[in-house]
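Here's a structure for you.
Each chain carries a letter (A, B and C) given by its place in the written order, and its residues are counted from 1.
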Amino acid sequence: MIRERYLNLIILAGLVIVPAYALMVDEPFTITLATKVVILALAGVGLNLALGQGGLVSFGHAAYFGIGGYTMGILASHAQNYTPLMTSPFLIEGTNSMPVIWLVAVVVSALLALLIGALSLRTSGVYFIMVTLAFGQMLYYFAISWPAYGGEDGLSIYVRNQFPGVNTLVPIQFYGLCFAILLIVLFLVDRLNKSPFGLALDGAHQNEERALTVGINVYRLRLVAFVISGAITGLAGALFADLNRFVSPVMFDWHTSGQIMIFIILGGVARLFGPIVGAALYILLEHFLGGLSEYWFIYLGAILLFVVLFAKGGIVGGLSKKEMSHGG
Amino acid sequence: MKNGMARKAFRALCAGTALALALSAPAMADVKVGLITTLTGGGAGIGADIRDGFMLAIDQAGDVGVEVVIEDDQRKPDIAVQLSDKLIQSEKVDILTGIIWSNLALAVIPSATAQGKFYLSPNAGPTQLAGRRCHPNYFNVAWQNDNLHEAAGAHATASGFKNAFILAPNYPAGQDALKGFKRMYEGELAGELYTKLGQTDYAAEIAQIRASGADGIYFFLPGGMGISFLKQFAGSGIDLPIVGPAFSFDQGILQAVGEAALGVQNTSQWSKDIDNAANAAFVESFQAAYGRLPSLYASQSFDTANLILSAVAKADVNDQDAFRAALKAAEFASVRGDFKFGNNQHPIQDIYVREVIQEGDVFTNKIIGTAMTDHQDVYAADCALN
Amino acid sequence: MSVILLIEQILNGLQFGVMLFLMAAGLTLIFGVMGLINLAHGSLYMVGAFVAAAVAAWSGSFLLALAASLVAAAMFGALIELTVIRRLYARDHLDQVLATFALILIFSEATRWVFGSFPLFLDTPAWLSGTVILPFGIQYSAYRLAIIIVGLVVALGLFLLITRTRVGMRIRAGDSDREMIAALGVDISVLYTLVFALGAALAGLSGALVGAIQSVEVGMGEPVLILAFVVIVIGGIGSIKGALLGAILVGLTDTLGRTLLPVLLSTVMDASAATAVGSALASMLIYILMAGVLLFKPTGLFGTA
């Protein structure tokens, strides 16, 4: 048993050492896998803000992951074909600059989260779960049948987008970029959780009545948290699209929403580093079990079931002794 | 388990092969093939056919220094991209193959060929890669996506459709299918419908067909969608001739459709009764090895593997120009009989009309005619290769 | 579009709705009584279809296959209730979602392991194939008409069970007050197992009924599951009446939407664009319907918070 803070440091060290080792022994694919872990963890960090801190069980975060991915795909494909995105009422050009794409992805997914959140947060409990799920599916079907950006075929971007001073096609450099973003977001989310806003959000999760009686506008509080959460997941979607140089409607699928949730539950709900551990474990399982058996989903399901039933708090919760007030 | 064991077995086999070759005849470089296909989730039946057909040919060739690594893409494009990165970066494969679906192919092929690897498609033939964006390292051993639909259009015209009702799912392959059909069909259209991808209930569409006054139906509904449509159509009491591409009437699916499919005419470049020695041997050995009749997909991956083997026998894979020329020559005994590549490295081939029949208690197809002879896709003209 | 075609499409919408009701009724009952959200309900639907296909292939009797699917799904439901589900009643919804999501992964792959990757065959019985002529000369599939009748009979049966029987009284009591029913000396855990098995049996029945006119394959339960969720959200979670109304509303909206929208759009744009845009819109229509209902009634039409 160790303190959660030390555990977090060990996790961070792992995220530095594994890719560095892979670089030394020339195993670029391990770096690619590590990049995937970091990006999916970022998506999980986004959802964890709504789900862990705010108690908002969104089963539709694939919507923001996908919209972030498509933001990248659409902007980059226009830049690739030298065609403007729109010409009237004013001209918008495509771009292949990562910072611009990230900014647009964050804004677009925040707006989407505002729209979906404003409607979904009128409901609560099971309604909320199902409504968010249904909105995700709505976007999935839209993406499949809308022909302009490839429909089910998705969009291929043949070269990775540019970041000043970085050769993004070199796996370790792209990894560094994603890792830096994850660190920045983790830092900001940690600050946010400890701010009056975060405490109020947690308070409303623990006891909504009390929050209301002390004059907190719970609906607005949750909406803000939901929007930030969607924006972070959207950013992860843009990075994921750049990792694969490809976007497709699968990013919107409800299994994607389920996966992001699985990262959180495996790692530990409302633990800052939970999604990182969960995503790492998931990718490890996918690669080792997937190589052992065609039926590896059975084992994944069994592990997930075990964690949910018997190991509350996930791996971070199980390894660290510090009990958190909002462990569930 | 199978997957991993096959891989291990082949590693061992190839280690042995390399040793044997080093000791005996002129040393020949090992060729490593990465086969990415769908082995879990929806469409896993087709993936099993692709894998089994491919491995049958490799097994029959014996020790010729070809190693195969099999991976499962779960029918997810992002997984397919990552597997191709893994196969290229870690496993250092020379050739990739195996993908079933156009959307996955579009995600993988351009980046694989850009990294100097060969890609041989045993199934998908997306339009985008057949024309201007054709690539010297990309070979399609199945068909360009439009081909079977064009043949269906030609056959509909030949069999006297004057007012056809056509339908396909609303996604790029479905849109291409209707476009391909209309390219060769000369009659009028009683109706044209796009259905939802993955839709399972076709009552509304069938009612529209009944009301439309059509004299024939063409549909492209791959996988479970086609099964659902045919069963429901059979119960609707509408008696109209149906024409379609082979996908909805193939060996893996027919048993699930049952009598509802009897008599349907479908277009295919392969059938188990094509009369040549290679095909007879293939059908017999596939049945002996796996205990089921081979499907269209198995025939395509069997041809793909034999094409690779024919090139391996002639050229060193590291000499890309020579290996490419050996592939393009296509000197192997195709189960389809004649097989040659066009300038865009897609097949020029005959497309037959098959009819669904019952043999004992097994539903299968027999050839009743030829829809198109030496047919080439229309995109070849846009391809700069020659 | 002729009136006869329109009536036929309304019947189709009704049939689709009734089928959804069989799924949604179990979901909403389980939620109403035990407060459990069960994603694995779609797997029970799949189990029903697979068992029916296997039994029909073995015995040749469709009725026997239907009965087997009912029994198998109920037993299967009882089994997972006893081993997994009952540990989840006291948990929050997140745990329920994830645990039942894990069950989906296990069941789908296990089914594929047992039955293989290829779709199975299940056909309508000879005495229900073909069509019947309804008033006004409407030709309609006999089997679909039978589904409508079975669905309505089940709806009536459920209504009677809940309002007229002792078991129903216990279900209603459990719905409103767990402690009280426990104090009355009713063995609540047996009641819960029974309710779960009943819901499972309904899902299995609908899987078997639908399997005869659709493809019996792994993963067939998932699209239906999501639609059933939409249905119970619209109807109000926990309400059987709401599930029936919601199911029929969703069935009609989906069926009429995908046939009427392209026709309506073709008055303002050319035919093939109208088909493409119309079917894109139609696939989103029921979600828009759901959003619309929630805007005015956040707990659905018959829901209580």
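Keep in mind that, in the parts below, a contact is a pair of C-beta atoms (placed from the backbone, for glycine too) under 8 Å apart; a residue touches a chain by one contact, two chains touch by 3 or more.
Just so you know, these numbers come straight off a predicted model, no measurement behind them.
Enquirer: Farthest chain from chain C, comparing Cα centres?
Expert: Checked the centroid distances; the maximum from chain C is B.
Enquirer: Using the stated contact rule, I'd like to know whether A-C or A-B comes out ahead in C-beta pair count.
Expert: If we tally the contacting C-beta pairs, A-C comes out ahead.
Enquirer: CA centre of chain A versus CA centre of chain B: separation in Å?
Expert: 36
Enquirer: Taking the mean of the C-alpha atoms as each chain's centre, how many Å separate chain A from chain C?
Expert: Comparing mean C-alpha positions, chain C is 32 Å from chain A.
Enquirer: Going through chain A residue by residue, note those that touch at least 2 other chains and give them in order.
Expert: Answer for chain A, listing residues that touch two or more other chains: 141, 144-145, 147, 295-297.
Enquirer: Give the residues of chain C that touch two or more other chains, as numbers and ranges in rising order.
Expert: 108-109, 112, 276, 279-280, 283, in rising order.
Enquirer: For chain B, jot down the residues that touch at least 2 other chains.
Expert: Counting only residues that touch two or more other chains, chain B contributes 40, 44, 170, 175, 194, 196.
Enquirer: In the complex, go through chain C and note every residue touching chain B.
Expert: Those residues of chain C that touch chain B are 1-2, 4-5, 8-9, 12-13, 15-16, 108-109, 112, 116-121, 123-124, 129-131, 139, 141-144, 210, 212-220, 223, 255, 258-259, 262, 271-272, 275-276, 279-280, 282-283.
Enquirer: Across the complex, what residues on chain C touch chain A?
Expert: Residues of chain C touching chain A: 31, 37, 84, 87-88, 92-95, 97-99, 101-106, 108-110, 112-113, 226, 229-230, 232-233, 237, 276, 279-280, 283-284, 287-288, 290-291, 294-295, 298-300, 303.
Enquirer: What part of chain A is in contact with chain C in the complex they form?
Expert: That would be residues 51, 57, 59, 119, 122-123, 125-127, 129-131, 133-135, 137-138, 141-142, 144-147, 254, 258, 261-262, 265, 269, 295-298, 300-302, 304-305, 308-309, 328 of chain A.
Enquirer: Give every residue of chain B touching chain C within the complex, in rising order.
Expert: Its residues touching chain C are 40-42, 44-45, 47-48, 170, 175, 192-196, 198, 200-201, 203-204, 207-208, 210-211, 223-225, 227-228, 231-232, 234-237, 252-253, 255-260.
Enquirer: Can you name the residues of chain A that touch chain B in the complex?
Expert: Of all residues in chain A, those touching chain B are 27-30, 32-33, 36, 141, 144-145, 147, 150-154, 156, 158, 240, 244-246, 248, 250-251, 290-297.
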